[in-house]
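The structures considered in this document are given below.
First chain A sits with chain B, and in the next complex the same chain sits with chain C.
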Partner chain A sequence: MNKKAMIEMMETFIIIFVVFILIGFGMYMFVKFSNTSTISEAQETCEMSSYQQLLTVLEQPGLKCTFMGSSKTRDCVDTAKLRAFIETGANEDLKNTACPMKVVFKQIYPKPNSRVNNTECTYNEMRSPEFPTSCGMWTVFVPSEKSIEGKAERVTSTPVSLYYPHIKQYGVGQLEITTYTYI
Partner chain B sequence: MNKKAQGGEMIGLLVIIILIIVIIGIYLSFASTPNQGGVSDSVADLQNDKLFSAMLEATICGTSSLEDVIEKCSKGQTICNADSCNLMKENLDEMLDSILGKRLDPELKQAYFYVKMDEKIIYEKGYDKLEDDCLNRPGGLYQPKSYDLRPNIATLTIARCVL
Partner chain C sequence: MEQVFKYIFAMIVGVMFVIFFVGFAYNYIGTEDNKISLLQSKSFDDQLNILSIAQDSVMNYQFGTEAALSFNLGAIRTGTKNSIKTNNIVYSPTNLKGKELTIWTKKWEMPFPVTNFFYMANENYKYVLIYDRTSKDFVDVLSDPKEEIPAAFKVVTYDADKLKEQFNEIRNSYSGFSKVKFVYLTEEPSNSLITSLEKISNAEIITIIPQENEWQYGTIDFGADREIMYLGVPMLIGAIFVDDFANYKFNLEKKILPKLKQVTKISMTKADFMASTLQCPEYGLIKTQLQYLYNLNEESEPEAFITTAKNLGDINKEHFGAECPGVF
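After this line comes the complex of A and B, so read on.
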């Protein structure tokens, strides 16, 4: 083989090598980009889902305050209805979401005593003379341990007006929706 | 002939370089597209609306709500045998501490809440220079949201700085 042919062979090999490197780099970038976009799409779906869940929970007819059969006058959540919603299993409808979610109403104002911050507001607590400061939360829905294993938590919350029908007073609560995602 | 071939190779190289530049440009334009924050904006709007309605409806004393207390304060009257403006301030402090917590810490420069009556601020909590500070931060978006208590009683405003 003469020298010119050798150089042309080398040139061809170098070009093929460069082309393969370019294809490999392109494939790497494509996989990386599509992975990132899939994860961010999943994240967006979860965020959207948690926002929709916020609206769904707040607009549940079984939770809203009604006065003389109408809910037009006040925008609030009736705590007696909230307890009944949990006890009767009506909260099971909230299971059908894109991502596992925990839904909790927290008592904010009047501020519960610090030792009862994490105490569930059961019927007994709600009948107590110290209520609403005798308990701190209403757990509407908790996903199974298995479905949230190894996942990261993201909390979306909004203040809500809470109505205590036993004492005919209003307080401030916080509706917290914890979404469990992979990132 | 040799010169012609060299010219062809040069054009090929130029086309490849242009293609690579175009691909990098498209990638960068996609990668640097800022998140429009559709969902987070909707959540923030919902949070602000609910914040005002929940706070104003809350029972402060007897059957009087915070809205009643603010109304009495604007008229300089007492309520539940107490000074209405002091009652308003005490209860706003407690509510805002519980709802917004550290976000109203002036050192964190995240939020500012105030109540205006007759163009005069009568209650404020948070970082009062938030607007100027936020607009000077790169990508800072100043988002105030107000609620008017009519007729001409007071205006409640919550401002946040979104980065």
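After this line comes the complex of A and C, so read on.
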């Protein structure tokens, strides 16, 4: 092979190499853009899912107040059932969501003592003579630390009526759903 | 010679480019299809979740374009790609193709609300209820849109005695459907007629065998020695809309009974808590019945479920009041 042919060959290789680099860069940008759009869609699905969860959690047959076994349920959350819902593992059904979510019922009125705001309302706390001011929340579901690492939090909440059947009283609470998203 | 070498080289590089781009495009389309399919399935499942708030509600779901949905053994799939698992209990044909879909939901109680059932079909499916003098009143209620099955499902009813005369007419008028389901709600289904109906290529026949006059519980005969229990009218309606025995059995054994156990366990735990805070012996009484219901399973007699549910309902209504609030 003569020198001229070798130079031409080198030129061709360089051109192909540059073209490959350009194509590679283009594809990198395309995949990056595509990923951003997928994440944005995942984010939308996630948010929609949290609104849907907000609606359906309150309608869980195991949580809603019922009256004399009637299908015509009352619009409130029975806290004795809520505790049972958590303790019997029925809350595991809430795992099936588009993204990690934390679901908590918070006591608003009667206002819990400030030092027990973050105290879980276990059956023991609920038996206390100070109840409902002796504890501040019922944690229905918390995702694992690993699944929420580095993710942003979005909090959606709605007021709910709470029923304490063992003391035959009603209170006001708040259902708070924290969604962990990518952006 | 050099020129020829250049052309060969250019061709090899060109082919490599084409293979690379086609491969990339093919993979990208596949990934996008998967993504869209999963998003559609998830969005549909969310719709069902929202609809489950209702006690009894019917919805016309428009896809906007020709779509294929599949419901099989607890999984929802749109198109031909990946499926997602759903917690919802769906009674429908396994594959539904079309631009729209009718969804009806109904709450199932035992005696407390347990879950919602979803019934789905479109205009390609026909449901025929066959009655005799013993079942006429029940079939009238079942097919009355104001009482039970919504008008959108276009359920038709036939008198078993007259069905023989109308057989040819039925066969011709229903030949265009993907499936025609004949549901026998008669005391003694005519074997010769069943054999004739079975010969229709798109027909499927099931027989409801109630164990009491109110049709509240009994057995569904899917043919070929495949019999399975039903508990309550909502489950009987499920047998009408479900595609096959496998899906009915899956819903009953893998979804409904575990859900019943779960909700019963919640009531039992609540009864324990109430008994520990209030001096009411009634909680012990109801706990015994709840425990009995909890222990029942797919091997148990349907009568045991219904009787226990009735006892529970009675105890909850009669033994509890202002001093001792009911468990459910």
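Convention: the second predicted complex is superposed on the first by the 143 of 183 C-alpha atoms of A that agree within 3 Å, B and C clash if a C-alpha of one lies under 4 Å from a C-alpha of the other, contacts with A are read in each partner's own complex, and residues count from 1 in each chain.
The criterion applied here is as follows: a contact is a pair of C-beta atoms (placed from the backbone, for glycine too) under 8 Å apart; a residue touches a chain by one contact, two chains touch by 3 or more.
Quantities reported herein were computed from a predicted structural model and do not represent experimental measurements.
In the model built by aligning both structures on chain A, chain B fits alongside chain C without clashing. Contacts of A:80 after superposition: chain C is touched, whereas chain B is not reached. Shared-chain residue A:61: touches chain C; no touch with chain B.
When the two structures are aligned on the shared chain, A:48 is found in touch with chain B and with chain C.
By the touch criterion stated above, A:32 is placed in contact with neither chain B nor chain C. Considering which of chain B and chain C touches more of chain A, the answer is C. Contacts of A:169 after superposition on the shared chain: chain B is touched, whereas chain C is not. When the two complexes are laid on top of each other via chain A, the two nearest Cα atoms from chain B and chain C are 11 angstrom apart.
Shared contact residues on chain A (touching chain B in one structure, chain C in the other): 48, 55, 168. Touching chain A in their complex are the following residues of chain B: 27, 39-40, 42-43, 46-47, 50-51, 53-55, 57-59, 63, 65, 91, 94-95, 98-99. Within the complex, the chain C residues that touch chain A are 2, 6, 9, 13, 24, 28, 35, 39, 42-43, 46, 49-50, 52-53, 55, 85, 87, 107, 109, 111-115, 262-263, 265-270, 273-274, 276-278, 312-313, 316-317, 320, 322, 325-326, 328. Within the complex formed with chain B, the residues of chain A that make contact are 29, 33, 44, 47-48, 51, 54-55, 58, 74-76, 108-109, 111, 156-162, 168-174. Of all residues in chain A, only 5, 12, 16, 27, 34, 38, 41, 45, 48-49, 52, 55-56, 59, 61-62, 64, 66-69, 71, 73, 78, 80-81, 83-85, 87-88, 90, 93, 96, 98, 123, 126-127, 165-166, 168 touch chain C in the complex they form.
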